[in-house]
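See structure below.
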C-alpha cells in the first residue's frame, strides 16, 4: 500500500517535472525542472529496490548531465529566455505523431501479452549482484566501454587545447 | 640636493625657447614642445626620462607694479598690465643620471588653451594631463584618452581656474516635480 | 623606449575559434571590499580573464588644491594629513620642505632628527599595514593584517604621545615641529624600534616562503623597468621594477646624508607583485637601521626655528619632494607675495602609480587584478585629493 | 504503511535534525573563538546566559553568541534584488540545506536508539550507501549555482560559475580516494566499512589509506568551499560570491547548510579512514562510539578552522590545475598502489578469502611484518616521488629573484 502511494506521488512529480521542462522557455528553469524529473525517477528506482541504479541516476543525470546542461547554457548569450511565447511550435503536429508512435512502440510488448502477462523472475538488482555481473560475464564490455570513455576524454582535452591560441607573453605591444 | 640641469644648451639648440629666470623654468612654444621633450628624453646630455609632476597654472590678467630705476637714479613705480595666460608645467628628472629638476612650461592663452600632449613621450603625463584638462580646461592635442578624471562627466566648468565661481548648487539635478523646479529656479530650494 | 611609453593597446578579445563568449562587464567598486577605498575599476571579463580595465577616480575628490589656494600657507598643513591618511607625517614633511624652500628657514638639528624618526616610523606603519592588506587581498582572512595592526598600534601610540593624534598628526611646522616630544618618548620609541625586527622575522618566516603566496604573486602584474620609469612610478614599486632611485639618496634632503642605510631594489627581471611585496619587507629593515641611528644621534635643542609669524614669501616657484612610503610626494608652490599660495599643487604618488594599473592587469585573472591593485598601494585620499 | 515504520523513520531522522543544527551553533562559536585566538583577538565574549544581566553576568566565554546570532538572523529584513528570480532565490538556500541534511543519514553513528529500529530504515545499511553519499553531496553544487544565477548579480554569477567548476573537479579525487577504502573492505556499505576498522584497524594506518585520507581531506575542503579553496565566496575578489544578495534567514540557511555539509563530509572521512566510532573503551561501553565519532568529526573541523585562519586563497586556474594535474593523477596512482599491495599481500590467496569479511583484515592477519614495513616504505616513497614530480611539472616557471642593495 505504502509503495503504491509513493509510486503515484513520484510518478506525478516525474510527469509534472517533464512537462515543465518541456514547456518552460526559460532555459535555466527548464533544466531545473528536468532535474526534478530525474530525481523522481531515481525515487522510482529506489522503489524497485534498485538502489545502485537510483544512486547512479542522481550521480550521472543530475550531477553530471544536469551540470553539463547548465554549463552549456551559461556559455550562451542569453541565459534567460522570455517566458511569454506560446507553447506550440510550427512542427507540433508531426511532433505529436512521433510521440504517439513512440508510446505505442513502448507499449507493444504489454499489448502483445494482453490479457495474460508472462511473469518472469525479476533479476536481483543489488549492488553486489551487479558487481559480480560486471566483473564476470561482462568484464570485456566494461573494459571496452572504459577504454572508449578514456579515449573520448583525451579527445575532448586535445580538442579544447587546440582551440586555445598561443598565449602572448610579455608586455602588450 | 641633486644636480640641476644645465639649460644653456637647450636655449642654443631651440631658438624658440626662453628661460624664465624668476621661476627658473624653460618656456617652450607649444608647437615645438613634443620635439623638445623627445630630445630632452633621448639626448645623452640630459636623459630626462622621468616626468615627475604635471600641472597647470592659471594667470588672470593683472596689473603689476614694478619699480623702475631711471637714468637719473630716481626710482619710479610703473604699473603695467600683465596679460592673462595659462601655463602647463612639467617637472623633469633623470633617473639614470639622477639629476633634475628641469621645469618645462608650455604657455598658452587662457581663452582657448591648447597645448601639445606629452603623454607619448612620458607615460606619467597620462593621468596628470587628464587632471589638468579636467580642472583647468586645457586641451591636450593628441592625448590618447582625454576625459574628465576627478569631476564627473556632466560637470560644467573647470574648478581650478582662478575665475571659477561655484554654481548655486552644483549637484542639482532636475526633478520631475514642477513645484520644486520652480522654487529652485527662484533660488528658494536647494534640492 | 617608445613602445614602453605608448598607451596599452585596446586588448583584443582572446577569441577562440568558433566559440564566442560574451564579455562580462563588472564594475568593481566603489563599495568593493578590496579596492582600498572609494575606487572603481570598470572591468571587462572574458570568463575570469581581464580583457579591459578602466580605473575611475574622483569619488573622494574635494579639490584640496583649491582649498589650499584660498587659505594661508600654514592653514593647509592640517589638510595635508588627509591626503594619505596613513602617512600624515611624511605629507606634512613634504609640504614643510616646499614651504621652507620658499622662505629660507633653518631647521634646528633636533627637529631634523625628529622629522627623520617620524618619517621612518611612518614608513614602518605604511609598509607593515600594506603588507597586511595585501595578504588580506590574497584571501587570508585578516590574520596577517591583524598581526600587522598590532605592531602599527605601538607606533601610533608613539605618534599620539608626540602630537596628540594617532593618524592626523599635524605635527610639522615651517622651520621645525609644533612641539618637542614628551619626556621619555625617545626611550619608548627605542623600545618599539628594538622589538620591531623580532616581529619582522616572524612575519617574514610566515609569509615570504608560503607556497600559496609564492604561486599567487610570482609572475603576476609584471612591470618592466622601462615602463616603470616612463610612467613615473616611484617608491617601492619603482625599485621592485629594478630602478635604484630613492629620493632620500638622490636629493639627500634634510639630514639623510648622515645615516648609513641601503636602498633595496631588484635586478629588474620581473617586477611582479612578489617583488613589490619583498622590497617593502626589505625596506622596513633599512628604516629600522635609520631609526636606530637617529635615536642614537639625536641631541638636545629647540625644535622650532626662527619661522616668521606671518608667512608671506616673495614671488617664487618651488618644487619640494620627499620619499614618502608610497613614492615621490611633491608639493609645487607658486608664491605671489601674498599670505596665500597662488598655486598649490600636490604630486600624488598613489595616483601616478595607478597609471600602469591597466597595463599590468590585462590578460590576468580577476583575482590577480585585486592583488595587483593591492600591491600598488594606494590611498584614495591622495588619489582623488 | 505501518505505524511502526513511521515511528522508526521518525526515530532515525528527528534526532539528526536536532543534534546537528545544535552542533552547528556550537561550531560557529568555536570557529569565531578559534579564529579570534589565531588573530590575537578575544572573540565573542559578551553574550552568555540570558536574563542574568543584573546581579552578575554569566558570559560563559560568549557561548550564548550563536543563539543571539540566530535571533538576529530571524529578525533581519529579507532583501531580494528587484531583478532576481524570486522563486529560485527562495529555493536555493533550501536546496542547499536538504542534501546536506540528507547525507547525515548515511553516517554510521551508533546512536543508542538506532539499535531498536528496523534495518530497512537505516540508510547507512544500504548496500550503496557510499555512492549515495557522493550522489547527494553533489546536489549542493546545484544550490550554489541556483543562488548565483537567481541573484542577478555579476559577482554572484561569477561565484556560482566558480562553484560549479570547483565542485565538479574536486568530486573526482574525492570519489577516487574513497574507492581505495571500498577496495580494502570489499563493500560499499557504510556500516560494514566502519565495522571493518574496529579496534585500531583504521585505514589511515595503512600507507595508501594515509595518502588517500590526505587527498580526501583536501578535496573535502574544496567541496565545502573552505579556505584555501573558498573561491566561490572569495571576499576580496567577488564580495561574497553567491551569498552576496542573501540576507536574513535565507543567509542563515545557507550558513547552516554549509556547516552541515562540513559535518557530513567530515563524518564520511571519519567513516572511511578514521575508524568510524572505533576508539578506546568502545568494547566496554558501546555508547562511547557516538562520542568518539563526534570527537573525530570535531577534530577534522578544527583543522578546517585552523587552515581558514592561516592560509591565503588559491587562484581559480591554480585551483583547477591542482585538482586535475596533481590530485587526480596522485589518487589514480594510489589506487594502483593499493591494488598491487593487496595482490602482493594476498599472494594468490585472493580466491580463498571469505567474502563476508573485510579483505584487508584477512590479509593483514597473516602478513609478515617485514613485508608490511616494506609496503609502507615503498608506497610512501612512490607517492612522494610522484607528488614531487607532479609539483615540478605543474609549477609555473618563475625567474629567480635577486635583491640588490644600493648604498
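The chains carry the letters A, B, C and D, assigned in the order they are written, with residues numbered from 1 in each.
Assume a contact is a pair of C-beta atoms (placed from the backbone, for glycine too) under 8 Å apart; a residue touches a chain by one contact, two chains touch by 3 or more.
All values derive from a computational prediction rather than experimental measurement.
Chemist: Taking contacts as defined above, which has more of them, A-D or B-C?
Modeler: When B-C is set beside A-D, the one with more contacts is B-C.
Chemist: Using C-alpha centroids, which chain lies at the maximum separation from chain D?
Modeler: B
Chemist: Starting from the mean Cα coordinates of chain A and chain D, work out the distance between those two points in Å.
Modeler: So the centroids are 28 Å from each other.
Chemist: When the centre of a chain is set as the mean of its C-alpha atoms, what distance in Å lies between chain B and chain D?
Modeler: That gives a centre separation of 63 Å.
Chemist: Could you tell me the distance, in whole angstrom, between the mean C-alpha positions of chain B and chain C?
Modeler: Spacing between the chain centres: roughly 25 Å.
Chemist: Centre to centre, by mean C-alpha position, how many angstrom separate chain C and chain D?
Modeler: The answer is 44 Å.
Chemist: Considering chain D alone, which of its residues make contact with at least two other chains?
Modeler: As it turns out, chain D has no residue touching two or more other chains.
Chemist: Where on chain A is chain D touching in the complex?
Modeler: That would be residues 1-2, 5, 28-29, 32, 35, 51-52, 54-56, 58-59, 62-63, 66-67, 70-71, 74, 79-80, 126-128 of chain A.
Chemist: Considering only the defined contacts, which chain C positions touch chain D in the complex?
Modeler: Residue positions touching the partner: 24-26, 32-34, 45, 48, 135-143, 146-147, 150, 210, 212-216, 218-219, 244, 246, 249, 262-267, 269-270, 274-275, 278-279, 282, 365-368, 370.
Chemist: Using the touch definition from the top, list the residues of chain B that touch chain C in their complex.
Modeler: Going through chain B, the ones touching chain C are 1-2, 22-25, 41-42, 49-53, 55, 57, 89, 91, 95, 98, 101, 103, 119-124, 126-128, 131, 135, 144-145, 148-152, 159-160.
Chemist: Under the touch definition given earlier, write down the residues of chain D that touch chain C in their complex.
Modeler: 35, 38-41, 154-155, 157-158, 162, 227-228, 230-231, 234-239, 308-318, 395-396, 398-399, 401-407
Chemist: Hey, which residues of chain D end up touching chain A in the complex?
Modeler: For this pair, the touching residues of chain D are 1, 5, 85, 88, 126-128, 131-132, 134-136, 138-139, 141-142, 145-146, 149, 161, 164, 168, 171, 188.
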